[in-house]
Each structure stands twice: as structure tokens, then as C-alpha cells.
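Note that the chains take the letters A, B, C and D in the order they are written out, and that residue 1 is the start of every chain.
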Amino acid sequence: MADGLKMVTIGGGSSYTPELVEGLIQRYDTLPVRELWLVDVPEGEEKLTIVGNLAKRMVKKAGLPIKIHLTLNRREALTGADFVTTQFRVGQLAAREKDESIPLKYGVIGQETNGPGGLFKGLRTIPVILDICRDMVELCPDAWLINFTNPAGMVTEAVLRYSSIQKTVGLCNVPIGMKMNIAEMLNVDPERVRLDLAGLNHMVFGLNVYLDGEAITDTVLRLMGEKGDQFSMKNIAGLGWEPEFLQALGAIPCPYHRYYYKTREMLEEELEKYRSSGTTRAQVVHRLEQELFEVYQEESLDVKPKQLEERGGAYYSEAACRLIDSIYNDRRDIQTVNVRNNGAISGIPADSAVEVDCVITRDGPKPVTVGELPVAVFGLVQQIKSFERTAAKAAVTGDYSTALLAMTINPLVDSDETAKKILDDMLKAHRDHLPPFADTQKKTMA
Amino acid sequence: MADGLKMVTIGGGSSYTPELVEGLIQRYDTLPVRELWLVDVPEGEEKLTIVGNLAKRMVKKAGLPIKIHLTLNRREALTGADFVTTQFRVGQLAAREKDESIPLKYGVIGQETNGPGGLFKGLRTIPVILDICRDMVELCPDAWLINFTNPAGMVTEAVLRYSSIQKTVGLCNVPIGMKMNIAEMLNVDPERVRLDLAGLNHMVFGLNVYLDGEAITDTVLRLMGEKGDQFSMKNIAGLGWEPEFLQALGAIPCPYHRYYYKTREMLEEELEKYRSSGTTRAQVVHRLEQELFEVYQEESLDVKPKQLEERGGAYYSEAACRLIDSIYNDRRDIQTVNVRNNGAISGIPADSAVEVDCVITRDGPKPVTVGELPVAVFGLVQQIKSFERTAAKAAVTGDYSTALLAMTINPLVDSDETAKKILDDMLKAHRDHLPPFADTQKKTMA
Amino acid sequence: MADGLKMVTIGGGSSYTPELVEGLIQRYDTLPVRELWLVDVPEGEEKLTIVGNLAKRMVKKAGLPIKIHLTLNRREALTGADFVTTQFRVGQLAAREKDESIPLKYGVIGQETNGPGGLFKGLRTIPVILDICRDMVELCPDAWLINFTNPAGMVTEAVLRYSSIQKTVGLCNVPIGMKMNIAEMLNVDPERVRLDLAGLNHMVFGLNVYLDGEAITDTVLRLMGEKGDQFSMKNIAGLGWEPEFLQALGAIPCPYHRYYYKTREMLEEELEKYRSSGTTRAQVVHRLEQELFEVYQEESLDVKPKQLEERGGAYYSEAACRLIDSIYNDRRDIQTVNVRNNGAISGIPADSAVEVDCVITRDGPKPVTVGELPVAVFGLVQQIKSFERTAAKAAVTGDYSTALLAMTINPLVDSDETAKKILDDMLKAHRDHLPPFADTQKKTMA
Amino acid sequence: MADGLKMVTIGGGSSYTPELVEGLIQRYDTLPVRELWLVDVPEGEEKLTIVGNLAKRMVKKAGLPIKIHLTLNRREALTGADFVTTQFRVGQLAAREKDESIPLKYGVIGQETNGPGGLFKGLRTIPVILDICRDMVELCPDAWLINFTNPAGMVTEAVLRYSSIQKTVGLCNVPIGMKMNIAEMLNVDPERVRLDLAGLNHMVFGLNVYLDGEAITDTVLRLMGEKGDQFSMKNIAGLGWEPEFLQALGAIPCPYHRYYYKTREMLEEELEKYRSSGTTRAQVVHRLEQELFEVYQEESLDVKPKQLEERGGAYYSEAACRLIDSIYNDRRDIQTVNVRNNGAISGIPADSAVEVDCVITRDGPKPVTVGELPVAVFGLVQQIKSFERTAAKAAVTGDYSTALLAMTINPLVDSDETAKKILDDMLKAHRDHLPPFADTQKKTMA
């Protein structure tokens, strides 16, 4: 790190990159990134060029000595890196479209992170992440791996269990989003709100909420019961909650919890939308992205365009910059990230990934101790953890039976027979992006 | 215990009682029960008289000095008892009929032990059991409480957490039944089979199977995949399993697991049966019981009649006698029962109930250490444990919201809205047997 | 807390009080303490008056509306309190003198906190603290109890296990002192040093040290091996460490660790000092205190006098003010305090007290997760925890055998026979301050 | 195992071997060992021949087809083995003499199993055991490794942590000896006594005692307080206990606990004996062994001679035969052995070795769940576990500092300086049997 930091972003052609560049520019005084390497695959070269050129214009306008490198050569980029961020998408949005629509055919929600769709996103992503880890061990063994790619919990679990890279953090914008939502619901400045969070990625609960230091958890739960449909994210239908359910739960569910506590209504909603418009969330996102890239291409643009904020993933890159800054500067502030549990949440294995409030130090995030999760919440968290671990194992082994097991135990999938149908269909649909399952597929398709 | 044991059976008018009496007669040499008190409630007096008279004829025929007492006075019976068994059914079979049929109206399996039906069975049963515990603390503080009443896991959890009676064991015939099924499937003498079991009541897994000491778990799983429909219980549709699912699971599911791993097919099956015949399992059992009581009334009968074995609950009383005998004689043999976990299964609280192989000593059952359950299994087990704990809390507090929470987190219930509908309907249907919910019901029905 | 805070200091006549008052004055802007009640027992009335008058002069000089109350009526003081601090000493310094000297007669170090002396300090202190807790439940149930009285670890353990007051924190100046020592050894500004601490009170280890964010633990251990005699506290002989021992330990021992890892040399040192001068640390402290009180009496003094800092307990009251300020203002900074473990350190019961880095919130200190302590350190920590728990039980029950057990398992005591001799001698010497042992003592002395 | 078992005994020239052979003969009907390979090192060839010939005469007399092989070729012996027992002693009794006497020079008890002597016995033994494990992985990967060599707890810990052989059990005769002692003290048939045991090797506690199923723990503790000097082993001075200490402890200490709870008296006793006779226990054992071997040489002897029982290690080989028989026959009886904890004792890592009652199955010993050890006991157990783990690490790494750390944290060693002196002296004395420390020793002696 002698004179400035080297940062590498894999999936650099992503539409999120301008936010990341903006964050680096804003923090330059305390976080002296001198080289930013944007890496992508040949299929993404065009987008990489567009985004990379915008990044260069942004840096130039800021008048900072940050060198932007665009490359398809991942190993060259990784050599000597200090921080590696990953935000790639194997199979692009076309794959997500299948993740979401195929399960629907069998009456099951696709859910592209912790559902059947997420299983397949994990099966495609984990081998690539582990390949990056092997490169890192060789080329930048002291670097931090900061992953945004979903399913971020499953990916972090896989890195912790199947790689020797242990300096890894998984990032999500749900924690920030929940805080913003609460502030909005209360109509107060978000700075006045503190939210204690614990659970798993996309399965995180707000255990306590404070406004100016006063506990207001019950108030927030009551308000959510009244206006639940306002408390969600761009990509998740904001169906309302049963007030008494929230009251007894005693913890703030995250937007994704609707898939598990309102499965029937969410399924109806998705089926309805799919039937009426033939559209999944993936297709909506695809359209948004195309529009963004058109904006990015304008030569006159040299700042992050406003339209980016309207995209679902707001705060993602902001979260990454804040995290890297706190690690580099040993800030010891508190951020909610995915890391090794290490005993923070009782009953979850020490070496599993959890999403939890952490003190961010030079030595990485250290979880604030949670102890026992609320009783009613604990079971579902464990079930998703079982799913994540089984899915990670399937991704690493390429074993058909293990993949079927993961699919069957997913709480959105209602039987082993349904699981098998969805699995077989998806294995076929994604065959080009699942090399570890190549043998399986030959058999399945024979 | 000076000269012989005093045993008390609450719900003594149950059709299972003759099996219990037979067991005591067969073991008289080593288990000298001199007094057996059969206790029941006024509504059950007629059955108590019929069963009690049969019991007296059985003892007389055996020529043993076992005194049979029939009484409606529970406190008199409990005074100075050594062993108390409970096998009562609050609301009789009519209540079970509602437990099973009301959820079906909303497209949800009733499942009278770990499902929505089981929640209501628990809400009715737990206050009574805790009342018995209060009597025991006063009248027979050193006695063992051995519970057969379902949901046996939830009831044991409630006794351990909400009573000072800690000498308690929950009993089930599923463990013995699984072993018998395996022996039958292999066509071998059950004595040659050993099965290591761990989990929760009606949520127990066979972790290893041995034939003459040789591990044959994989073989059994393969056979179950081939002929899964033979491996079930009288009261559970024996739908077959996906072979690859079983292989990856790596553990023998119990018959009740079909409700969780084959929810879709089980629901279809139950709905089909209900629609076509308007019949639930409760009604089938009701008919069987009536037939049994007609047999019991025959004055010439002085042994346990053969028809009893055809009833679903085979081995229940046998299990109780074996357990009591091993406690009394400090036998240190291994039986599968529901007890305080105490660390046996990693990740489940020490003070929660689990169903696990135990060494049966004079000091009670001591679990054989299990360590970590298989990854894929652990999540579902934890989810049912969360359900059991939340249900037990609802039973004790009579709190509507807590009951709604329990209903919502049950894995068979697919949303908070559905949960609320089923809950409200069942609270109304069972109102005579739910005194702790009296206030709630007034409001609900207003 | 509506208009300003009410704070109560039990043992208000302590020589530390001026530091506390200074801290409140300095923080008045953010920590609006309007009433400070200094409470003491009749034997301490004179000192209370001297210190209290100084406190009033200090507040007056600062021109702040903090009202100082001096009282012997603890219950009046506690009514409606927001924060209660305890810094009393049952039996005064004369008792400490016995704690230190009696064990020496039998060839055993007294060690007035975690040694045999500490056992007796605990036996005298814990009943009084639990009495205060009972008052608090009645008079100020929402107040925080912040305890400085040693043995602070054992006292916190006792409050957590034997009282319903759970909003309690134990305080020590060792953590700050260790950081200061390291900064001094490195000759750098303490602000540049961060030290991760975990263990028990007076049994805490520095797990990592950072200078400007860079890990320098090994360097510090090397330096300590070279100049160990400089790294101690006023009241503990600074005997040097074996360099290779420190290197393999891999964690920074606290000054008190010399009693356990250098027992032989510390005993020789104490015996030598005692024989040559007939003096224990208690007597030195006594002399220092007399000098302080002479200074405090000077009417012209209206600030904290410099001499106070030369006393062993530097930073104690500073630590209390920092803690209260961070709780009140929900600062979420990190301080090292004694609290419920809650899973932070693996293998220590969740409901035991540990001394560990905590995020200080409005809801109290929340431990930063430690996970497993270094292997070699873990055993000693557990042994002291066993000692603390057994000692607390003895204090609560007044049971002679339990006190003997606590004495015997203390690592400084080398046999059950020696333990019995010391115990009997000390029970006699302290009989006036051990009401729970009144019966025992009658027997012992008969 | 097709036609009979192959058993290998490493250290076959041990004086215990005839007991082992007797055990195999007595159990031949159910435990068909057809080949017994006695393996030893060249220095032990003479003893191997003497013992081996006796073994052959014993088998011949019994008229059984057990083939006895005598060999110095360990790898030939291990090929295809079913059970491997280890009972070797690196450096013979001469080494033990040093283990016991060198620490005494520095005023420290040697204690050849869990004390400083035990550290060195571990440093000599563990590399050899791990070498055997490497051979086993290659030559008999499915065999069970049953170790008698002390320190059996540390050796089991080392095998579990540093080898891929997980089918391993450590054996000790203390558990059987404690039961026998209690029976003798009560003057009853040992068959009537049951003793629940848990802890570590030579650090095991009797948690409950039953006579004919009735709990009599308190009675036994009272009797031990009265006649403590009768309750020990041949090799441990039977110093009496303080009655109130035992009462509060609430658990039966094992004979070795005198070293930790009566350190002062045991040290005086050992020093006294050493000064007066210049004799350690090693020398006594050496003389006993010479006498035994003279007896073994008599051609007319063809049974286990009576004199062997008078040796300290009675029941050792009996324990091995019982264990092997129960594994082979899947007997599911209960024996107390050293195995992976797996959660049986709370607070001890799952992958550490503990000595605990186990159900012995074909799949190996499965611990009966203990839960929390008594509070006062837990700390010492953890301290010895820390010592064992640190010692095992030193043995594997040959690291001087780690060995010093192990020595310093041993509860019998009272300072880092004393530890260093003992360590340096012993490293020199044992240099021929400590190849991993060769480099260290060069430096130390330079």
C-alpha cells in the first residue's frame, strides 16, 4: 500500500460502477486509491468500455490522480491488489430471467437470491468466485475480497468454507435501505435512527430501533402493521403485514421476508404479473440498464447520473466505499455486513457467514455479539443457513443429488417432486454456465 | 417405593390402557407395580369403567397383586405416586377432527402434531399438563412424569420450560415403528437392526442403520427410494420419495417428514380424501375406537385383545413399560425418548426438548451425544423447534399474537394472512377447551 | 431523565470522588447531571463530609447547576436515580490489610482481587451489593448500576446471577492502563494505539495491538520481554517476563497476570517486603489516602488535586464518566468493561461476566465478538471464572464448605489443607463484616 | 475381518502383554482374533522375545488358533490390521525417572502424565504415534487405534488434531480403579456400583455414584473424607482430603487430583521420599518389572502370573479387550474412554479429547451427554485441556517457545522462570528422544 491503494473491480462493466467511482472520488483524501482496475469478460467488453470511459471522465473532472485501467485480463489486474470487489453476473440478466420464470411454471416463487432462483445463481457464481480466490492466494494474498454479487450470503459462506481467503466480506444494501425506510416512515433524518441488525443476507432482522437513543421498536412495528406496503424495496412487492404477527415477532423483518412469511400472496402477485405482462423483475431491470448505458455513453457526462439512484441497488457501491475506507483507516465504526459468525449469533456455527452489525477495523469487521435471536425467528434463519450450506456444497461438487437436496429444503419449494422438476428444467436452461454439472447434464439430457 | 410402586395413568379410560396393563403384568417380576390408578374426567367416566374393568379382569387372570383403582379424583390418585403417565385427550376425537379439517378449508394440511392442528392440540393440552405438574410438585414431587399425549415434543418443551417438574420424559412410537419398518423392508428379525435416532418428536431422523453391526444406511436409503410407499405408519399416506433426495439427505426420514418434504403431494392427498369421503384421520380413529370399546366390554375378555395392535398407536404403552422398567432397575439400556437436550445435539438450546437415543438410568434418560445434525436436516429441525417454543409460550400466556406467530412460522402454513384465518376459525371452534384464550375469544367474536 | 440526570455514588466518601466530579463538570454539556448524591455509611461520615465539601467547591467554581447531596440514607438517595455508581469498601483499608497479610502467613499471596484476599473482599462486598440491587428494583428499577468496587469481576458475576438488576457494568482501570503503558513503551501518543482486550477482570489479555492501524502485537511482546519491569501498575511489582514465554503466549498479559505466571517470584517479593518492612500494599494505600484527605480539607482547594493521579486507581472515575456519557448519548464507541458474556467469548457461559471490548449504546454495552481465546490462555481464564462463580455462591449462601471450595480452587492456593487454615483464620479476622457466615463462625470459634 | 481378526500391539514387549493375551483367550468365542502381532523396537527385542514366548505358551495351553507374531517390522505388522493397540514407552523407564526427578530439583512435582514430566513424555511419544498414524493411513486405514501409552489424554488430543486417523480411543485404568475403590470402601460387590464419570484423562471426576440404583454420592464423599488415605492407586500417595472440601466439590476426585488439590502436601511427600531414598516411582516400577520378566522367562509358566496384578497398571489390558470386544460385537454397553468430545461436555471444544462414559458401538464409542461440569471443577479441567493442547502443539512443531508456554501454564509449575529452568534441563536430558527439538537443542547447548 506504500504509495496509494490498488483496487480491482471484477464485473467492472456493471452499471453500478459510476457510483463506486463517485465514492472513491469523494473519499480521496482519506482513501488514496491510485489505481482502479475494471475487469470484465469478453461478452461484457462493450459495457466495460462505456462505463470505463465514463469513469475516466469522472476522475478527470475531479482532478485526481486515480488511474483507471480497463482489462479482460483478470490475473494481471489482481497482481498486488489491496482490495478486490466483485459485482459480476454469470450469464447476465438473461440468466436471471430464467431463475425467476422457470420456478413459476411449477407454482413456485423464483426468488433470485434465497429461493430456487438463488440456488442457480449460486451454482453459476460460486465456482467463479472460488477461481478468483485461487488467483488471489497466488497474486494478492493479503487483499480483501469484497463481494456484492448475489446471493451474497451463500457466496460468503462458500468463500469461508471452500477457500483459504478468509479476508472476505459480503455486502448488501438491504441494511441501509431498512434504516432509510424507517426514517422515511417516521419522517425523520436518517442520522437520528439507529437499527441493530442480525441474521443472514436477505434474511436479516432489525432487533432494536432507536430514535435519538430512545427505543422505538414497538412503534416501528405498529407503523409497519399499518402501512406495511410502504416499507419495501423497488424490486419487492410491498404487501402489508398482519399487525399482530409483527407485534409478536418483535423484530423488524426485511423486505425479503415477505417471500417466507407471505409466500401465498407473493406467489399470487408474481404469477399475476407474469401472466398479465409476461414480465419478471429481470426484464424490468434489463430495460433500466439499457437506458442507463445510453446515458453513460454521452460524452458530456462526467458525473454519476441521477438515473442510477432509481435502480434497485442503490447504496451498494456506497456501502463498499464506506467499508473499504473504514478498514483502511481502522475507523471502528459500525456497519452491517456478511462475515464469519465466530459465535456472535448463538446456535449458528462459528465458521458460517452471518449478516450482522460489525465494528470495522484494520483487521476486518468484528461482529457485535447478538446472543440468541428471537425464538420465532431463529428457525427460519437456520433453515436458510442449511439451504445456503447445501447449495454451496452442490456448487463445489457439481453433484446432482446435493443440488436436489438444496432445492427441496428451500422453504419456497413445497416438495421433493416439485424440486426435481424445477431442478431438471433449470439445469438444462443454464447448462452453458454450469461447467461442474456437465456430466450430470449429459445424463439428464440423454 | 418401599413395598411396590404406585403408578398413576391420567386419561386412564384411553383405549391404549389394556396394552399398558399387559406390559405391567409381563414385567411384574422386576417392576413391582402394586397400585395402578386410572384417572379420567367426568366426560370419560363410561370409557374409564369399561377399560378399568377389563384391566381388573386381566390382573385377576394373571394372579398378581396389582390393585387397580378407577377415579375421577386426580389429586387423590397423585398422592405419593412413583410414576405418572399421561395419555389424555382434551376435547376427545371431536377436537382432533377440527384440528385436521379446519386448516384444509384454507388449503393447508392440518397435521395434528407438528402442524396447525398440533398447535391447537398443544394449546388445549399444555395448560392441563402444567396443572398436573403443579399437583405433582405438591403431592408426589419425586415422581417421574411420562407423557404420551401429543404433541409430545411440544408438551415436553412446555413442562421443561414452564414447570419445576424436570423428571419428565415424552414418549412416541415412531422410533420403534421406524426400526420395525426397516426390519420388514430388509426382511430380517428386528433384533438384528440398530438405528441411531436424533431430532425432535415426529421430526426424528435415523442417522445410521446397522444390521448385525454392519453399517447399511445407504442400502436402506436406496430401498426406501425404491419402495418408499411401504415405509410409513397407519395414519400417514405412504407416498414415495425421490431417490436422489434421500441419497443426498443421508439420513432416514420418519413417516411424518412427508408433511414437510412432500407438502404438495400430501396436501393433495388429504384434500382428495376429504373431498371424496368427507373423512379425516380423526374419524377413522373414532370408528376404530368404538369397535375396540365394544370388544373391551365383553365380560369374557381378560387379555389385551388383538384388535388393539391394529390401531395406529401400537407400541406406545409398550414403550412406557420398557422405560419405567429401565428407570426403576437402572438398566442403562438405550431407548429413544424426548428429554432435555443438555448439549446432545449441537445448536439446539440445552434446555429444549429433543428426541434422541438415551441411556436409561435410575437418574433418568441421558442422551447419547449426537454432535452436529446433518446440515440439510438441521434447519427444518430448528424451524419446528422455534414453532414448538412459540406454541408453548402461546399456550401458557393465552396471547393471541403469540398464537398467530406460532401459526405463521409453522412450515405448513404459507402466509401470515392464511395463518390468521385458520387461527380465528380454530379459536372459535375450540373455545370450550381454551380457557387461557377466553378474553381473546370474547374480543374476536365481538 | 426529563430535566437532567440523577446520579448516586455509594461510597461517596472515597478519595476517588473528586475525579468523578471533575469528569461530570467536564462533560456537563452533553451529560447533564443535575443531582449527584454521595452516600456513605456512618463510619465514613467524616470522609464523606470532607470529600463532599470539596465537590461542592469544585462545582461552584465551574459555575454549573449540579446539586451535591451528602447523605447516610441510601434509600432516599436511590429513589428515582438514573445512574448508580458503587465504590465502597466494606471494612475499609484495615480489612484489605488482613486480606493481604493473613495468606502470607501460610506462604500464599493474598492478592486482594482474584486471590484469597479477593475471595474475602467478595464475601464482604457481595451481600451489600445485592442489598443495593434489591433497593434499586424497588426505587429506581431502570437505573444503571456501575460498579468500581473490587473484585469487580466477581461482583458483576454475582449481580448478574443473583439479582434481577441486569443493567449493570463492572469497571476497571487496567484496560486503560495497559494502553497507556504500551504507548509509553513505544513512546507514542496513546491516541495512536488500539488494543483489543478480552478475558476477565484483572485477567484480561491484549489480543492485538495496532499503531496507526498497523498490527504490532509481536513488537510489543518483544519489547515487554526486554523491559517487562516497566510494564506494570503502581501496586504490582513489575517483575520481568521470560521473552520466549511471551512470544508463545501471543497475547499481552495484564499486570495482574504476574500473580499467576510468576507466582514464585511474586510470593518471594511480597514475603520479602512484608518481612523487611512489615508492610503490605494496603498500608501504603492507607498512608496515601490520609495525605489526600489532608489536601482535600484545604478550603482553598476547588479542583481535583494533582496528588490523586499518583494513586493506583488513576482513570477509574474517568472510566465511569466516559461510560455513563456513552450510554446516555448512545455514542456507540468502544470501551472495555465487565458485562454479561452472551456468547462473545466461546466456551464461557452466556450468563457469566467477562471483561471485553464493548460498543456502548443507550441499551448498554454490547460485546464485540471474540470467538475462541488463545488456547494457552483459555484454561487460566476458566479457572478464575470457576473461582469467581464459587466465591459468589459462597457469599450468597454463607456456606463454609463452599467458601473452602472457592479458596482451594484459587490458583494461588496450593492445597485444601492450606486453604482451610487461611479460611479459618480469615473468617475469624473478618467476622464483623461477614453476617452471612455468623452461624459458621460460632461453630468455628466454639 | 472375513475369517478372524488381525490385531497389532506396538510395544508388544511390555510387561502388560500377558494380561492382553489372557483377555483375548477368554473372549475367543465372541472376539475371534486369529493373528496377534507383537511389535517392538530393537532396544526392546529381548523383552519382546521373553513376553512373546510366554504368549505363545499361553495360547498353546488354551488350545486356540491364535497365531502370535513377534517382529521389529512395524509396517509389515500393520498391513491389513483390524485393531492396533499402542503401549510403548519411548526411552523406557530411564526416561520416566528423569521426568519425575528433574522437576523435583526445582521444587516442582514431576507427575509423569499431566505434570511437567507428562509434558516430556508427550513430547517423546506424540511424534511416534503420529508416525504410526501415517503408516496406518497407508496400510490399514479402517483399523481402530487403541492407545494405552501415557499421557493418554494428550496423545488422543494429538491424534484427533494432527492426524487423519479419527477411529482412535485412549484407555486408562483409573475409571475401573475408582469403581473398585468405591466398592471396597463400601464393602460391596463392584457389580452393584455404578459410577458416572466425566472429565479428562487423569483428571476425571465421578459425578454420581449409585449402589443398586440408589444415589449414594454424598455418602461416598463423606467416607472419602473420613478415610481418604485408602482411596488411591498403587503409584499415588493416598493423602487424605479435607471433608468439607469434598462435600462442596460434590464430585468424586480421581487419585491424580491430589497433585492439583493437595500440591503442597504431595510435593513434600515426593521430596521427602526422594531425599530419604533417592527413589522415584520410576525406580520402583523398574524393579517390579525386572522381577516380572524373571517370572515370565520360566518355561513352565503358561498363564498370566499373579504378580502382574500387583503392578500399578492393573485392568489396562482388560480394558482394551473389553473395548475391542464391544466395538467388534456392537455391544452398546457403557465404558469410560478418551474420545472426541463432540459436545458431550459443554464448553470444551467439540474436537478435543475427553474422558467420558461412552456407549460402545461398531461405529466406535459415543459419549453419553454430560452437559455442564460442576462449576468448581470446570476451571481445572479447562486448564489441563489448555496444557494438553499446547503440549501437543509443541510436540508437533518442535518449537521451544511453545514448549515453554506449555510448561508455564501447567498448574504444578509456579512461574515462567522455574518453567524455563526445568525445560532447559529436561530438553538436555532427553535429547536423544526428541528429534523435533534437535535444532533447539543445538542452540540451547551452544
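Everything below uses one rule, namely that a residue touches a chain if its C-beta (ideal position, glycine included) is under 8 Å from a C-beta of that chain, and two chains touch if they have at least 3 such contacts.
Model, not experiment: these values are computed from the prediction.
*Asks:* Going only through chains that touch each other, how many steps at minimum separate chain B from chain C?
*Replies:* The least step count works out to 2.
*Asks:* Which chain has its C-alpha centroid farthest away from the centroid of chain D?
*Replies:* The most distant chain relative to chain D turns out to be A.
*Asks:* In angstrom, rounded to a whole number, how far apart do the mean CA points of chain A and chain C lie?
*Replies:* Chain A and chain C have C-alpha centres separated by 45 Å.
*Asks:* How many angstrom lie between the CA centroids of chain A and chain D, rounded to a whole number?
*Replies:* The answer is 53 Å.
*Asks:* Show the residues in chain D shared as contacts by 2 or more other chains, in ascending order.
*Replies:* Expected reply: 372.
*Asks:* What pairs of chains are touching here?
*Replies:* Going through each pair of chains, those in contact are A-B, A-C, B-D, C-D.
*Asks:* Mind listing the chain D positions that touch chain C in their complex?
*Replies:* Listed in rising order, the residues are 241-242, 244-245, 247-249, 261-265, 347-349, 372, 375-380, 382-387, 389-390, 393, 399-402, 404-406, 408-409, 411, 414-420.
*Asks:* Report the residues of chain C in contact with chain A in the complex, numbered from low to high.
*Replies:* Touch list, chain C to chain A: 194, 208, 210, 212-215, 328-330, 332, 334, 342-346, 350, 359, 361-363, 366-372.
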